Amino acid sequence: MIESAKNRFRSRLHTVIYEADTPAGKVFDLILLGLIILSIAAVMLESVASVQIVYGRELAIVEWVITIFFTIEYIGRIVSVKKPYAYIVSLYGMIDLLSLLPSYIDLIFPGLHFLVSLRAFRLLRIFRILKLVHFVGAANQLADALKRSRTKIAVFLFTVVVLCVMLGTVMYIVEGPEHGFSSIPMSVYWTIVTLTTVGFGDITPATPLGQLISSLIMILGYGIIAVPTGLVGAQLMRGQAVHLNTQKCPSCNADHHRDDARFCYNCGHILNS
Amino acid sequence: MIESAKNRFRSRLHTVIYEADTPAGKVFDLILLGLIILSIAAVMLESVASVQIVYGRELAIVEWVITIFFTIEYIGRIVSVKKPYAYIVSLYGMIDLLSLLPSYIDLIFPGLHFLVSLRAFRLLRIFRILKLVHFVGAANQLADALKRSRTKIAVFLFTVVVLCVMLGTVMYIVEGPEHGFSSIPMSVYWTIVTLTTVGFGDITPATPLGQLISSLIMILGYGIIAVPTGLVGAQLMRGQAVHLNTQKCPSCNADHHRDDARFCYNCGHILNS
Amino acid sequence: MIESAKNRFRSRLHTVIYEADTPAGKVFDLILLGLIILSIAAVMLESVASVQIVYGRELAIVEWVITIFFTIEYIGRIVSVKKPYAYIVSLYGMIDLLSLLPSYIDLIFPGLHFLVSLRAFRLLRIFRILKLVHFVGAANQLADALKRSRTKIAVFLFTVVVLCVMLGTVMYIVEGPEHGFSSIPMSVYWTIVTLTTVGFGDITPATPLGQLISSLIMILGYGIIAVPTGLVGAQLMRGQAVHLNTQKCPSCNADHHRDDARFCYNCGHILNS
Amino acid sequence: MIESAKNRFRSRLHTVIYEADTPAGKVFDLILLGLIILSIAAVMLESVASVQIVYGRELAIVEWVITIFFTIEYIGRIVSVKKPYAYIVSLYGMIDLLSLLPSYIDLIFPGLHFLVSLRAFRLLRIFRILKLVHFVGAANQLADALKRSRTKIAVFLFTVVVLCVMLGTVMYIVEGPEHGFSSIPMSVYWTIVTLTTVGFGDITPATPLGQLISSLIMILGYGIIAVPTGLVGAQLMRGQAVHLNTQKCPSCNADHHRDDARFCYNCGHILNS
């Protein structure tokens, strides 16, 4: 009997914590979302020196209340799930733990307090919570387009990195440490800053040859940004064009039917599903 | 009789102020457009210290003439419309009021003179006035493409903000206040500056690890700009890739048929050509 | 007889100077192209103080030789064309004159020597000379795509300018002259620098609210760059997709034929041309 | 007999060094890839002053071991190939030699040690080695899209360079040496920095007119980035909009038929399905 009550409690807990379709689950998720944002706001404000001086005490209280809630939630997640180990080693499990630990570690080693800010990673849970709403369709389409073009994007980024290493080395030889290009890694960093059109301006070429090569790097970066854009664009467009597939009508052989077509658009014959 | 004359005057006023298709309305709109641009130019020049010293008097006169015209126009708009309250609380009504108030407030509290520059928001009315011209087609297409991809853009921007909060926190831990990353909000601001490839250069990473993470942020920002571009591009293209039309099946009401479809893809019923 | 010889000379001159398909015309154009590039290189080098000191004399000689050649060419263009006035007031005619005048003016008013650099505009003639080569197809396609989307681009740029005026005014109120936003025109300039993701960093927001608004401006600029990109991309794509037109087969009613199709792809019936 | 054994050895060597499909060739390529990355890491670290002081000796040993391996590999490549001259003068042959020479030259002229960093160009070989893996499809598609739009990209980049020369000259006249625009080449460099939205901020316009022109340059750069993006995007999309296939008409040899074409669009002959 007790075992059964325990099981029922675990099942109920699971519904509330993990499932978002039930009313109780929805309320829990909204509270969790609010607390995550509140805790991140608290961590952010705490890092601002002027706020910390005035409201340090209040922020510490908020932090501890949230830490205790997150601890209870973490234990609840472990208790209510059938395979607790799978949850603990999952990405979300690790982040949930990482958002708790620093507060406790802080009691023993106060020097590591800054680790509390790792809690910002709990923001990732927002994506899980948002799974509920109608954003899911748009998000899936985007994720899908990115996933399908990931090989091309990998090839592109790899080419960019190779280019940056080579051009960074050239800039190091041309400009040298006396103009701020103090080492090859530094020059490669500068090349990335320039090629991606960020352009901090903390290091800038001073020799005419260096400025000429920089101009080429900039025009290159300005030009090749077209590639990832074209890739994702083409992929997103494909998503909305794949309504037509390559299935052939058994009667008239017409193809390019809609994916949800049951009858041939050309002769009206029923299609093989 | 007087009531009727009043009504006729109100109706006439409405035609002039609100309707732009009549000759009188057109003239009124053009004068209004000219005065809005003139008033913004005056406010802009007034803020330039060297101009203010020399032409301060002339600019003040221009400002008051325009303020009085705008006041008359504002009263006219309230008087001539059937539901004045709806106009007053509308966006345009608020902006019209906000562009008047500061000049009067200035008489009592001279310190708030800078609020006059809020008049710049009257520029928004330009969009209403331009409704007349042939730009409307192009503008509608753009607005339409943006509106239809707004969910995807919202998901994208939300992901960017979450990324910036997380990466900004990491940069704060790695670089710390001694290199200018004085607080988490400041680091998040820096991450936005870097990810969007703006790169002011007022704060730059100084540690090798910070520069490595910055490089990743820059390449990330350089790469994911493809997403909004692809989104809007795909949306703009959809309009013109008219393979699927909006014809409805006379039998099952399914739409989005191929242009060359002769039978409904859903029920096989013959379509009206 | 003399008149006829004169006419023949004029006609011959016209062939050489204006026509690029004849061997003599080609040689003339290549020499002209070389001299334009040489003259621009000379003007550029002359502006570098260290080069001017050492090679000033040689550059002055090069400049005068080219000026004399350009003068002869200019007279030749006027003499050989039937409507010299049309040439003189054309864009190319003005630029040709503007590239000569400064050298002569310089003899009288040496202070205006810097105007010689206006010669850089003769580079525009390159586009006329390149008309000959196979680049013309690609250039036409680009120019065509830009021309057909010019209304949309105008609407977009107009919206961007209105946005920059409004946001620049807000930044002026928020940050004020004490943080470098010394006037509204200056703030609008800063907003353009930020929105276009250039980000010089000569002026940067210092207040938390200013940094928040800046972040919004940056994300806005990062997002709306999608619009012109999508516009031109959609236009360029349209160009290559119009191979299929909406003509209907007189026999089977199939449409979306290639523009150069003479027979229906579906039933083989001859199409109306 | 000896000749034949020599031939067999050469053939075996060729298989290992040049062919990547055999097990031995794969192992060789992976070792080579590892050594190239190791050697670049060593060169990079050597350029960091603080690392050089502590690990200088170890890095020198690594460098020499790799140099000797690369030397053996280079000799092997020459010996095992039938036309050694073709390899030596090829791009890869030149880079392979250039990555060896500096280490030996360094023994005689220690001042030229920095040339060792030219070894970074051996990274190019990565592309050859990666030919094996499944990235090749994506890379080919990208390279193909870039190759097919290279004329348009050339026209575009040429226009950008002409624009930068002209606008840079204007900025030199407007701002002049007293605001950092010290010469025309410098102004052209600044215009490239601005037009490509890099924006270092080392030089910034100081006069109102200069800031107005800068704003136009920025908006121009922000707008015309659409062109290369649209170009590559349109090209990438063309590949997948397979409405037209490469089937050839058996009668008139016309190709690029619609996928659903049953008859040739050009001569009306029936197509092979």
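Each chain carries a letter (A, B, C and D) given by its place in the written order, and its residues are counted from 1.
Methods note: contacts are C-beta pairs under 8 Å (C-beta built on N, C-alpha and C of every residue); 3 or more make two chains touch, one makes a residue touch a chain.
No experiment lies behind these values; they were computed from the predicted model shown.
K.L.:
Farthest from chain A by Cα centre, which chain is it? Let me know.
P.N.:
The most distant chain relative to chain A turns out to be C.
K.L.:
Which listed pair, A-D, A-C or B-D, reproduces A-B with over half its contact pairs identical?
P.N.:
Comparing residue numbers across A-D, A-C or B-D, the repeat of A-B turns out to be A-D.
K.L.:
With contacts defined as at the top, give the pair, C-D or B-C, that has more of them.
P.N.:
C-D
K.L.:
I'd like to verify one number: the distance from the centre of chain B to the centre of chain C, where each centre is the average of its C-alpha atoms, in whole angstrom.
P.N.:
Spacing between the chain centres: roughly 30 Å.
K.L.:
I'd like to verify one number: the distance from the centre of chain B to the centre of chain D, where each centre is the average of its C-alpha atoms, in whole angstrom.
P.N.:
Distance between chain centres: 41 Å.
K.L.:
What parts of chain A, by residue number, touch at least two of the other chains?
P.N.:
156, 185, 197-201, 221, 225, 229-231, 233-234, 237, 241, 256 - these are the residues of chain A that touch more than one other chain.
K.L.:
Just say which it is for the chain contacts: an open line, a closed ring, a star, complete, or other.
P.N.:
Its topology is that of a complete graph.
K.L.:
Going by the contact rule set out above, which residues of chain C touch chain A in the complex?
P.N.:
Checking each residue of chain C against chain A gives 197-201, 229-230, 233.
K.L.:
Could you please specify the touching residues of chain B with respect to chain A in the complex?
P.N.:
Residues of chain B touching chain A: 151-152, 154-156, 162, 165-166, 168-169, 172-173, 177, 182-186, 188, 194, 197-201, 204, 208, 211-212, 214-215, 218-219, 221-223, 225-227, 229-231, 233-234, 237-238, 241, 243-244, 256-258, 260-270.
K.L.:
Tell me, which parts of chain B touch chain C in their complex?
P.N.:
For this pair, the touching residues of chain B are 40, 43-45, 47-49, 114-115, 117-118, 120-121, 123-124, 126-127, 134-135, 137-139, 141-142, 145-146, 153, 156-157, 160-161, 185-186, 189, 192-193, 195-202, 221, 225, 228-237, 240-241, 259-260, 273.
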